[in-house]
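There's a structure below that I have some questions on.
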Amino acid sequence: MSEIQKVVPKKVVLAYSGGLDTSVILKWLQVTYGCEVVTFTADLGQGEELEPARAKAKLLGIPDENVFIDDLREEFVRDFVFPMMRANARYEGDYLLGTSIARPLISKRLIEIAHETGADAIAHGATGKGNDQVRFELSAYALDPSIKVIAPWREWDLTSRTALIAWAEQHQVPVPKDKRGESPFSTDANLLHTSSEGKVLEDPWEETPDYVYSRTVDPEQAPDTPEYITIDFERGDGVALNGEAMSPASLLTALNELGRKHGIGRLDLVENRFVGMKSRGMYETPGGEIYARAHRGIEQITLDRGAAHLKDELMPKYAELIYNGFWFAPEREMLQAAIDHSQSRVNGTVRLKLYKGMASVVGRKSPDSLYSERHVTFEDDAGAYDQKDAAGFIKLNALRLRLLAQRDRG
Amino acid sequence: MSEIQKVVPKKVVLAYSGGLDTSVILKWLQVTYGCEVVTFTADLGQGEELEPARAKAKLLGIPDENVFIDDLREEFVRDFVFPMMRANARYEGDYLLGTSIARPLISKRLIEIAHETGADAIAHGATGKGNDQVRFELSAYALDPSIKVIAPWREWDLTSRTALIAWAEQHQVPVPKDKRGESPFSTDANLLHTSSEGKVLEDPWEETPDYVYSRTVDPEQAPDTPEYITIDFERGDGVALNGEAMSPASLLTALNELGRKHGIGRLDLVENRFVGMKSRGMYETPGGEIYARAHRGIEQITLDRGAAHLKDELMPKYAELIYNGFWFAPEREMLQAAIDHSQSRVNGTVRLKLYKGMASVVGRKSPDSLYSERHVTFEDDAGAYDQKDAAGFIKLNALRLRLLAQRDRG
Amino acid sequence: MSEIQKVVPKKVVLAYSGGLDTSVILKWLQVTYGCEVVTFTADLGQGEELEPARAKAKLLGIPDENVFIDDLREEFVRDFVFPMMRANARYEGDYLLGTSIARPLISKRLIEIAHETGADAIAHGATGKGNDQVRFELSAYALDPSIKVIAPWREWDLTSRTALIAWAEQHQVPVPKDKRGESPFSTDANLLHTSSEGKVLEDPWEETPDYVYSRTVDPEQAPDTPEYITIDFERGDGVALNGEAMSPASLLTALNELGRKHGIGRLDLVENRFVGMKSRGMYETPGGEIYARAHRGIEQITLDRGAAHLKDELMPKYAELIYNGFWFAPEREMLQAAIDHSQSRVNGTVRLKLYKGMASVVGRKSPDSLYSERHVTFEDDAGAYDQKDAAGFIKLNALRLRLLAQRDRG
Amino acid sequence: MSEIQKVVPKKVVLAYSGGLDTSVILKWLQVTYGCEVVTFTADLGQGEELEPARAKAKLLGIPDENVFIDDLREEFVRDFVFPMMRANARYEGDYLLGTSIARPLISKRLIEIAHETGADAIAHGATGKGNDQVRFELSAYALDPSIKVIAPWREWDLTSRTALIAWAEQHQVPVPKDKRGESPFSTDANLLHTSSEGKVLEDPWEETPDYVYSRTVDPEQAPDTPEYITIDFERGDGVALNGEAMSPASLLTALNELGRKHGIGRLDLVENRFVGMKSRGMYETPGGEIYARAHRGIEQITLDRGAAHLKDELMPKYAELIYNGFWFAPEREMLQAAIDHSQSRVNGTVRLKLYKGMASVVGRKSPDSLYSERHVTFEDDAGAYDQKDAAGFIKLNALRLRLLAQRDRG
């Protein structure tokens, strides 16, 4: 019966970081399935050298042509982060989806490499308790319905750190000395954010210890003087910092530097996983937090109310789709079509104040502004607006409520 | 024809602040309609003495029995602010609706007083360009469909400050010296917030000048040391600060003091008015901002995902309804029924760190917590969660995407 | 004061049917404003000769170059009806929006003609109680923000039929004999539907009299034998009837004939107007009802669940926007972008049975079908689907409910 | 590893119909687990004798005290069908959820009986491909988080009819002669509907054969004369037919008889299952279809627009929750709270015409009607409505569109 599920891969593309865990997986795939392994290591801006991953892969017997290392930073920001930011997406009110948005891109590249190399399977190092397995796999299946997916953490018996290390040693996987003990928490990093969870973070009543943070200075240690910056937007995407044109990844990198310095973008959250339990995470999204606030700022003057409110109503579902791994689902694409339609005139400049953990919009201007001082002024408006119109407006908005009141309160 | 609209009131209840504008309105009602005027002055926590309003009303000839002064602070927070906070309502992503939520209560009292005194009309001092006229009037009509509403700013010819003051002097309305010049901006205040708009704030590119702020210290002047507090919740409402039980208004008052001290709750926003134009406002919601973050914090561990996500999806519409003045509309009440249903186990304690403009949740605990360390742990979970279940979960979530991919990418 | 509102047009484009009411309006515009009048008469498939309108306009002194008569049937169906049908739009659960969807097209042409002829205003014959005034005017303002709009029914004193006819006779507007009495109800017709309301229909407890129906035979008089038809769809739009390719308007015309014969598409509805009151209408949408059911039928096999459910969730708002007159609003365009994105593979053939008032989908097939007999079969599915996957799927969907039950029912 | 999942029940409550399949399951549970079996057979109005189930259970060795037979018809209609009908729920535009709504009630009783009898598990006869397994199990887990669930169709090897019958004979389970062959389709029935699917229905292009229908006459064979009926509603629920007060189940039973006679409520649908594939079903919901139309009819005159539109917007999600098995989830309960809040004045009488497959609302009246002839009339309305108000209403609704047009089309 269960043969149906039994995946017997011939050639597997592994999402490979070069770290201990994915090195064990690499070897485990070889040992368990006797299959050929292709490694894929992506630079998503996580801030680590990638060449060591190549060396380690080769050490584990992967031939040169099976080692793929790609710099995906521009694609990541341009085609994933920015489209998501157009939607002002925040999961459960706060989370800027830094991990969620990177997974579909990794899967996309895994599938491309599988097709290039004739592999029939992919593998990843996400556990069976988290969201990442879902994101990797839904994306993979949506791009190649016949791909096989190997998730060793759901398959093997290595359920403790000790067992993992014993297995590694038994199978000649090098174990760095600093990996022998347990890490006090688990992290994921890319150009948009670093997330930390587990172990010391598991009690949601305990404040996150300072050593968990890696991308931002403590706001108390941040400069005592605010810094002002401007971001320019074109069609809803950031294009310049302080007047200097930048590519998407360059802009986010520069904003990360500013955010780090001023302690911006820390978030302590208990969130609801797609697989059904709650987890507590700590996120640092320094540049993303600044960017997200700036984007809302430019929309304030360039987006019509109807468009803006529709976007706000659609956002929770859009964010949920990304969180749950449905980036390559038609309903996400439909929402994106609606959102992108709204951004054609989202052009202009936002001015922000950065200070001890806060990024505050303090000014916005645009050649496409819909803000009309003439209409809003308390002064003489030269006939732009006839206050008497408001009487009829209110009367007809009230009509149904009055008919109701006649019935219910009469 | 237009006789239909012509309201000829016999006795009018006026929302009366005691200030120059509503004093002119008081006199104008007497002069224009020859009608009896009843004044109503509410203490909503705006921080002003109310007895001077009584004196001024009497000076303008209002007899004692026609002067109503009520302390509505507890009702305001308990029946309006807290229910709204249960929804995590923010208009256009940010605005905590401080002015919007006060209007229906004022209208409710105006109508009650009209019924007590046999008045056939109410009057308010909101202009024809803003949202407040709509909020006052929709609420009034929803509570008494046959009430007449007088909105002098839409009726009279006093279109400049000079004209208003001239009219006042001509009709023996006392004009305080400091009211002769124009105020550099316009404000509204209550226990939840102070809003400022107009004049110096009209250019959305210009940073708000420091003198506009009245409820919070500049974050740069706030204490250099963070302060930690706890708020206890029962059934979704705050009941204690630092372990000390407090009434709704007392709790919000105490949080305002904390927020003021730490520079929390400043917001510079360009928003979309219901009447159709954009306006720029500056809001200070010190205690409300702390409270709103704390409420989300306690929901994180006590609210089921399905309930939480439904709330997030409904929130933009709920906030829009309040902003637009539809507090007493059946659709707002329906949403409230749904929201309140979700709050029955929203109990527990949130710990926050207040520091230079920020209120950050750093811990939450609850006897009704849904957070399960056993399920989420990276360690041995004693069978709480079978990672193999995730395989089937993903497979069936992926099925439609695979069928789609077979068609579209095959 | 009210000068602000006073529109003094120089040249007005009038939506002109050639009937008595719009002929009176034509004359009234000339008499009241001394302005030049341009008439515009559209063929939207209402089934009336248009040339008499030309003759009447000329009789009333309109020179040839100011008389515009256009056949808009193809544009109407292609650019308005079909896009709306892609959304499966029904207002308040039932109404296929036959009148609502025609108004923006008329306004579009009015504005185009205004620009061609140098007119500064448009005029229409809709009353101040209905939705059509709103639809005409919102569309006009959205296309030309400086256009003036004249709505004589809101302006003049002709509040009874007698007054109107007296005014007509006094001003040499010919009054056909059959228009001297009052019509027992009011109608609007175009290629999509005929609506009737007012007078004999005003009591919602009384059944609609048979003489009100004009587009469909009584189902009881319809053929006793069902008729089967097929409709082919491409990218969500109908392209052929019974295998014969047809233009949009031709297809709808042919479906109208079929619907008429079988008594399909009658609807008795009490609906909520945008201006605040309820009204009772009787609609006949013979071809539209068939088409709408067919469209849902083809979507059933070609649309992914995620796309289909998102469409269903968005539909009520989309329908409301069209009903309220917001066709040319950005939020309608955003929703259309999402909907259109979903239709790229909505291709195939639907088979329907027409019988005594009913149009029932009885079969659908498509080269782009997502229906997989292999997956759904009760028979051996050759490993297409592993039933064991369902166990994990259910377990993880249940997890949050179990954690909740442990807390709430434990 | 997989021990985690291995359920070893001691005492199982089985949803038992008395038919061959569940008799085999009964025996299989005894044989496989050596466990005690409790049978539960519900009368949900499926129209079958229940006592034979008792006899069969006893024949299979179940002692009297372990045989539960309950008449749940009133509870089913009152607490499940009617609340759902208040929402006007239809899944994917059409399906009245007849099977979906029965499952949570069966699970509720299974759990209650488990608690009464000290059983630690429940079992059901739903397959691993359908929605019913999900509905049974989510409901069970939501009511008892520690219950074990046995779904034999996902467990055993009996993958063909032949294998099942062979197993039955081998284990002394009586096999009725008419069950030896394969049924040409599969059905589910209760008081609300009968559904049929599978086999002869699997090709969605083929029209459903006439012999599949069991609850309704062919519309072509239905009476040639329409029949008129009235249904009275109180607080959103039906309470009388043709003026005669009836209990919920009695009313639905009587409507079923009417619907059967007139061929009402047949639906041929291709729908999207929660488990990911599309399936084709044929539904007969004779009384439910009449009831659903009547409920919308009474809402038309008693429900405010804001409430009605909010209900329409929430409905697709509500229907999806029921379809997917989330009846006992907090988000369904929240939506129910909102919906129920809207029904407090949904009182009155609806008149319907039943004719050859159609149930058409032709009249509605209510002491709580919001319909105002005075407001809607084309005649003199005695000042109820000032048409001039519409000018201001339109102007302010247009303002944002005009500002937009000035920017975009200027």
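Some points to look at:
We just call them A, B, C and D in the order they show up, numbering each chain from 1.
Definition applied: contacts are C-beta pairs under 8 Å (C-beta built on N, C-alpha and C of every residue); 3 or more make two chains touch, one makes a residue touch a chain.
Predicted model, so just to flag it, every value in this text is computed and none were measured.
Least step count on the touch graph, chain A to chain C: 1.
Of the two interfaces, B-D and B-C, the higher number of touching C-beta pairs belongs to B-D. Between the Cα centres of chain A and chain B there is a gap of 32 Å.
Separating the CA-averaged centres of chain B and chain C is a span of 40 Å. With centres set at the average Cα position, the gap from chain B to chain D is 42 Å. Taken residue by residue, chain B touches two or more other chains at 1, 5, 272, 275-277, 304-306, 309, 317, 329-330, 369-370, 372, 375, 385-386, 388-391, 393, 396-401, 403-404, whereas all remaining positions touch fewer.
Those residues of chain B lying in contact with chain D across their complex are 1-2, 4-5, 272, 275-277, 304, 306-307, 309-311, 317, 326, 329-331, 333-335, 337-342, 383, 386, 388-389, 396-400, 403.
Residue ranges on chain D touching chain A, taken from their complex, read 1, 157, 304-306, 345, 368-370, 372, 375, 385-386, 388-393, 395-397, 399-401, 403-404, 407-408.
The touching residues of chain A, counted against chain B in their complex, run 5, 88, 92-94, 127-129, 133-134, 137-138, 141-145, 151, 153-154, 159-160, 186, 198-199, 202-208, 219-220, 224, 226, 266, 268-272, 275-280, 296, 300-301, 304-305, 308-309, 312-313, 315-317, 320, 325, 328-330, 351, 353, 355-358, 360-365, 369-373, 375-380, 385, 387-391, 393-394, 397-398, 401-406, 409-410.
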